[in-house]
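Have a look at these structures, which come just after this line.
After this come two complexes, each holding chain A, first together with chain B and then together with chain C.
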Partner chain A sequence: MKEVLIDAIGLRKYFPIKGGVSGRTMGYVYAVDDVNVRIYKGETVGLVGESGCGKTTLGRVLLDLAEPTAGMLFYKPEDSISDKVSEIYKNLKTNKPSELKKEEKKIVGEAKRADVFRNKSRNREFRKKVQIVFQDPVSSLDPRMLIKDVIAEPIIINGVPLEDGKRKKLKGDELLSYMKEMIGEMGLNEDHLFRFPHEFSGGQRQRIAIARAISIRPEFLVLDEPTSALDVSVQAQILSLLKQLQQKYGMTYLFITHNLAVIRAMSDRVIVMYLGKIVEMSKTDELFNTPIHPYTQALLSAIPIPDPERKREILVLSGDVPSPANPPPGCRFHTRCIFAEDICRKEEPELEEIKEGHIVACHFAKEIITGQKKRSNNA
Partner chain B sequence: MTQNVGSTMSRAIRSRYQSFAKTFYFFTRSPIATIGLVVVVFYVLVAIFGPIALGGNPWRMTQFLSYRGQYIYNTPQPPSLSFPFGTTFEGYDIFNGVVKAARVDIMVAAIVVLSGALIGTILGSIAGYKGGLTGDVIMRITDIFLSIPSLVLAIAFLVIFSRTLNVMVLALIVIWWPTYTRIVRGQVLSVRELKYVEASVAAGASSLRTIIRHIIPNSIYPIFVQVSLDFGNVILTMAALFFLGVGFAGYWTPEWGNIISIATTFSSGIPAITHYWWTVVIPALAILILVVSLNLMGDGLRDVTDPRLRR
Partner chain C sequence: MSSMEEVLVVKNLKTQFFIYEGVVKALEDVSFTLRKGEVLGLVGETGCGKSVTAYSISRLIPDPPGRIVGGEVKMGNLDLLRNINEEAKLVQKKRIKIKHNYKVIRNNEFFFNTIRGKYISMIFQEPMAALNPVYTVEDQIAETLLLHNRTRLLKIMKSASEHIPELERWRESGDIGELQGEIGEEIRKIKSTARGNESVRIHQDLLIEGGTRFSRKKEKYEEMLKKSIEHDQLEDKLLTDPDRNSQQQIIKKLAKESKKINLIKMSKKMKRNTKDPLLIEARRECFGLLESVGIPNPHGVLKNYPHELSGGMLQRVTISIALANNPKILIADEPTTALDVTVQAQILRLLRELQDAIGTSIILITHDLGVIAETCNRVAVMYAGNIVETAEVKELFRNPKHPYTIGLLQSIPRVDDPNKALKTIPGNVPNLIHPPEGCRFNPRCQFAFDRCKTEKPMTVEVSEGHTVACHLFSGKVIPE
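And now, the complex of A and B:
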């Protein structure tokens, strides 16, 4: 059994839409809506989805950079407390705590005390173990700081872990030599420590951002589209650097991107999101070979194949993503789904394990696998 | 920029000095900014040593009411060897007044502008970074102060309390801080959305650390320009208050605006002033040269403090 590193239950993040003179709340953008994610130690989880589907928000909530509207987050949960809680929440349809039984309430209360969002000392511990690399290497480095100060900041705040498990705050020469070693590992040289961010190219800046993130030896690293602002040759360099670093330091990655080729190259497991919800979750090879959810199928069919002879069916999604402020009832994908039927418009499908390790939220998942499902007329 | 490196105190000081020397070198590469700096330094030196060299009461202009038994100095005398800048009405020596006024004006303007900028930076960055109720309360208070015409507010202060130097400084600070608060808040609002701020939060930095290390250094540079512009504005406002007759003390006060106001008060209309041009032009030039130099220096300062413009 693999060790669970991050376990998120019922994560929701709603952004209020303020309007009018008094600034009252007119509605909410449902950026992340009831997401359950479990990430195991040492793996790379890819997170794909269209723009605006809540990928980045999920990444930020998982690092407690954005305050969630609801939900719990466990870091290395003990005694499978998260199992019990997710079991309880699964049975609880309406998400009303008043319907819980007494012993269930007790378990939930206990879980809340262990939750990273609510437990301050755990939160502090959590902070030292997680880091993030942003998409835009231009705005992610403070333009008025020398690179050495940029990289030193997390080290000064958190210290670096020693072999005996304690953390040590480095100072002066020790800090400088640590940073020199670090920057060498990133493929930059020592002189670069004494320069400003604007003196670097995009790829170099991203290396610096990665250096800052891994300077405190995090266990969990969220990579929020780390390569999408870079050109292709630099992308490959950064990806191989990330792979090396993962092997060396045993980090766990959450790789957020919309580049499917990158996902395929990097990740062990893939999560597909659509309008704030997880629609499919599977091992990478499995997902790329046999995508089940119609949305995933459409996504994968959009990957260009460099072979003009090969013909295949391309599923082009019609229309835009519906507004996350007003998600369609039932299955959120039904407005663009080629298989949509009446049940899809009324009932929201639940995530079900269709095959081993392959979880899909679709009413017709089984029919789609066997190929029995025909296109509906109105699509 | 040199914090956290340097195992010993002396090393820290040396590296701080090096960084200052470097900044100064970049500053002197711009000839216009250098001219501004030289003139401002000259003014400051005059302000410090001028009144000492002249002797007498530094808070009072020397008045020559009678000269060899004749009351000729009641009318302005043109610049001559004994009075390099001439005299103005009531027999005040303009050279004496302009030099002594440098101390009063620069002191008041510096205190007002710097405390205004300090208050504005603190309140503005809190209002911008925290937002929410705290931010709203701070900004509404700022708006209340901004909504009252500044000159009226200053006059009210001077009349209600007392017409002294301290109240004048206080009144001017009360006028000036809201502008800075608004500027800083606007900057902070845009800076706080940048990813390096989030990266600092992700690194576990406290709000205070994030504000001091990232938000303020990146949102303060319009303040440099504003300070150098306002320095002149404070002097002009002070002149306006003296002109309106609510300056502190009396006509003997060495203050550039006051020297001009003596000429406008005692002369019989515009023809008299054009005739005795030096009574207005010389103190006005004193103001003008300082204000222009401060602006040039402010521009240069902004450029060297932004590393992106430096290399």
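And now, the complex of A and C:
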């Protein structure tokens, strides 16, 4: 049995829209809406979706960089942070949150208070275990800090884990030699430590951002579109660097991107999001070979393949992504779906396990697998 | 394929940027040809000069700091860079200084205003930044139409004013028949592109209104039409006349009577249901253009401001502006980079469809080899200001020759081939202030030998239509 690293249950993040003279809340942007994610230790989970679908928000909520509106987050729940939490977690695991009885719901409420993120000292411990790499390496590095200061900051605050499990805050020569070793590992030079961020190219800056993130040897690393600002040849360099580092330090990755080709090269499992909801979740090969949800199918067929001799049918979706402030009722994808029928407009589909390890939220998932489902007039 | 008509010939184009740190040699002898009705892909990494090439062709390089220092860009008989050297002189003292000749620059600017938007138009990467936030979509499309297509608009109005009874009868009965002249052509176009009766009705209403307005002040508008036709004839002469001196004279004439549009006034008129038939016809054309690029509810979108539309919709609007005057050459500078994959698929399909319908030649600039493979006929691969390889799409992907092209193709992750090992090109793009001697790729090339470090490789033809600039290959040398 694989060890659960992060488990999020019923996670929601709504951003209020303020308007009017008095700044009242006019409505909400439903960025992440009732999402359950479980990430196991040592794996790479890919998170894909179009811009505005809430993938970055989900990544931030998982790191508690944004406070969730509702829902629960557990970090290493089986490892028992406290007995109370692990008991509650066990209880939760056997039941779906919606099926819980009244007394149990009370315990869940307690869990919310007791869980990792509501507790400041716990939060500090948590911060030593997780890190994030942002999309734009230009804006994520302070232009007035030398690279050595950029990389040293997390080490000075959080320390570096030693072999016996304790953390040590490095100083002076020890710190410098540690950083030199670090930066060499990133494929950069030792004297790069004494330069400013603007002296580097995009690829090098992203290497520095990665060096800063892994300098405290985190267990869980969120990569928020780490290569989308880079060229393909540099992207390949960064991706292979990330793979090497994962093997060496046994990190768990959450890889957020809109580039499906990168997902396929990097991840073990893929989560597809659309308008704040998870629509499909499966092992990478399974998802790419037999995509079930119509949105995944369209997304896969829309990627241009660098092979001019391969002619294939491209499923071009009509229209744009609807506004997450005012998502369509029923299935959120029905406005663009080629299979949409009346039930899709009224009822929201639940995530169902169609095959082993392949979870889909679609009313017609079974028909689509067997190829019985015909296109509706919506197309 | 080689017998096809060449619409644009670029030869030894050289663009440099003069900045404090030195001279950035952004383009070094870029040569390629664009044939009629094809899509030519320009591919390469950031900073390799793809966009600079596009901007140089349409003369949009900001000066200072940039300058086109040499080369030829020929559209038919006309050299678009004809007197580029007269614009400014380089004075070499302690540091390089530039002396401008403002008279020549002004004349060239007027000259290029007639070319840009009519014969060569562009689609930019960021649709949000390409459109003016204070004017409506309608204003911005109408501007290009009024600047370059006055004759056509007036001709249609004139023709409509002669056929008002028929148009009114059709509006009552709801069907459309055939007519002669400009209006007949227009009606055939409406029939084939309009979406539903509602849209046909809008077309008819605007045609009738414009026609009536035209006939009320017939003399004034006929005069306008006459002038505009004369102007068009001059322009045609400029494009076909092989003689440089007579070209010069025409340009001087064009510069004298160059039109300017006061966008503020025009926008105000457009908002207050205008009485000018020219503007009414421009509005109808805008409506038709938005329809042809697949915007839902085009009549509503006409009155929208850019911030009210999504990225995909905005890119459709910029495409409709670029195609408003049926340009000979369309330069699309990363048209889909800012968009999502599903919207990218929509836009690329649209570009191909419009190209089939209008027959424009397209230069598609992108860094995405997938987009190249699915849309282009021919590809030119750029590296550090040089074109290193040119070939037909299939040939390039099947049989890449230049080490850089090979590296580039190996470094893309593939959706359809997960087990492919990602190979990387070591090193970084060189600094173009001090580019490497010889072949600019030699510090990163695994096959580099002594000659690469000293001698710049010539472009050679390895097979028909496939040219490479690399010392590893031999073949017929393409004359520079």
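Throughout what follows, the second predicted complex is superposed on the first by the 341 of 379 C-alpha atoms of A that agree within 3 Å, B and C clash if a C-alpha of one lies under 4 Å from a C-alpha of the other, contacts with A are read in each partner's own complex, and residues count from 1 in each chain.
What we mean here is this: contacts are C-beta pairs under 8 Å (C-beta built on N, C-alpha and C of every residue); 3 or more make two chains touch, one makes a residue touch a chain.
Everything numeric in this text was worked out from a predicted model, so none of it was measured.
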Give one word, clash or fit, describing how chain B and chain C relate on chain A after superposing. fit
First (chain B), second (chain C), both or neither touched by A:139: first
Just to be sure I read the superposition right, which of the two partners does A:239 touch: chain B = first, chain C = second, or both, or neither? second
Which of the two partners, first being chain B and second being chain C, lies in contact with A:314: first, second, both, or neither? second
Is A:153 contacted by the first partner chain B, the second partner chain C, both or neither? first
Partner chain(s) touched by A:69 [first = chain B, second = chain C, both, neither]: neither
Looking at the overlay, what does A:265 touch: chain B (first), chain C (second), both, or neither? second
I'd like to know which partner A:212 touches here: chain B for first, chain C for second, both or neither. first
Touch check for A:128: first (chain B), second (chain C), both, or neither? first
Of the two partner chains, chain B (first) and chain C (second), which one does A:290 touch, if any: first, second, both, or neither? neither
Working from the superposed arrangement, determine the closest approach of chain B to chain C, counting only CA atoms, in whole Å. 10
Quick check on the output: what are the common chain A residues between the chain B footprint and the chain C footprint? none
In the complex with chain A, residue positions of chain C that touch it: 45-46, 296, 310, 312-313, 340-346, 348-349, 367-375, 393-394, 397-398, 407-409, 411-416, 418, 420, 422-425, 428-429
Under the stated contact criterion, what part of chain A meets chain C in this complex? 50-51, 201-204, 231-237, 239-240, 258-262, 264-265, 284-285, 288, 298-310, 314, 316-321
In the complex, the residues of chain B that touch chain A are 1, 3-7, 194-196, 198-205, 209, 213-214, 217-218, 306-308, 311
In the complex of these two chains, what residues of chain A are touching chain B? 63, 65, 124, 127-128, 130-132, 134, 136, 139-146, 148-150, 152-154, 156-158, 171-173, 175-176, 196, 198-199, 209, 212, 216
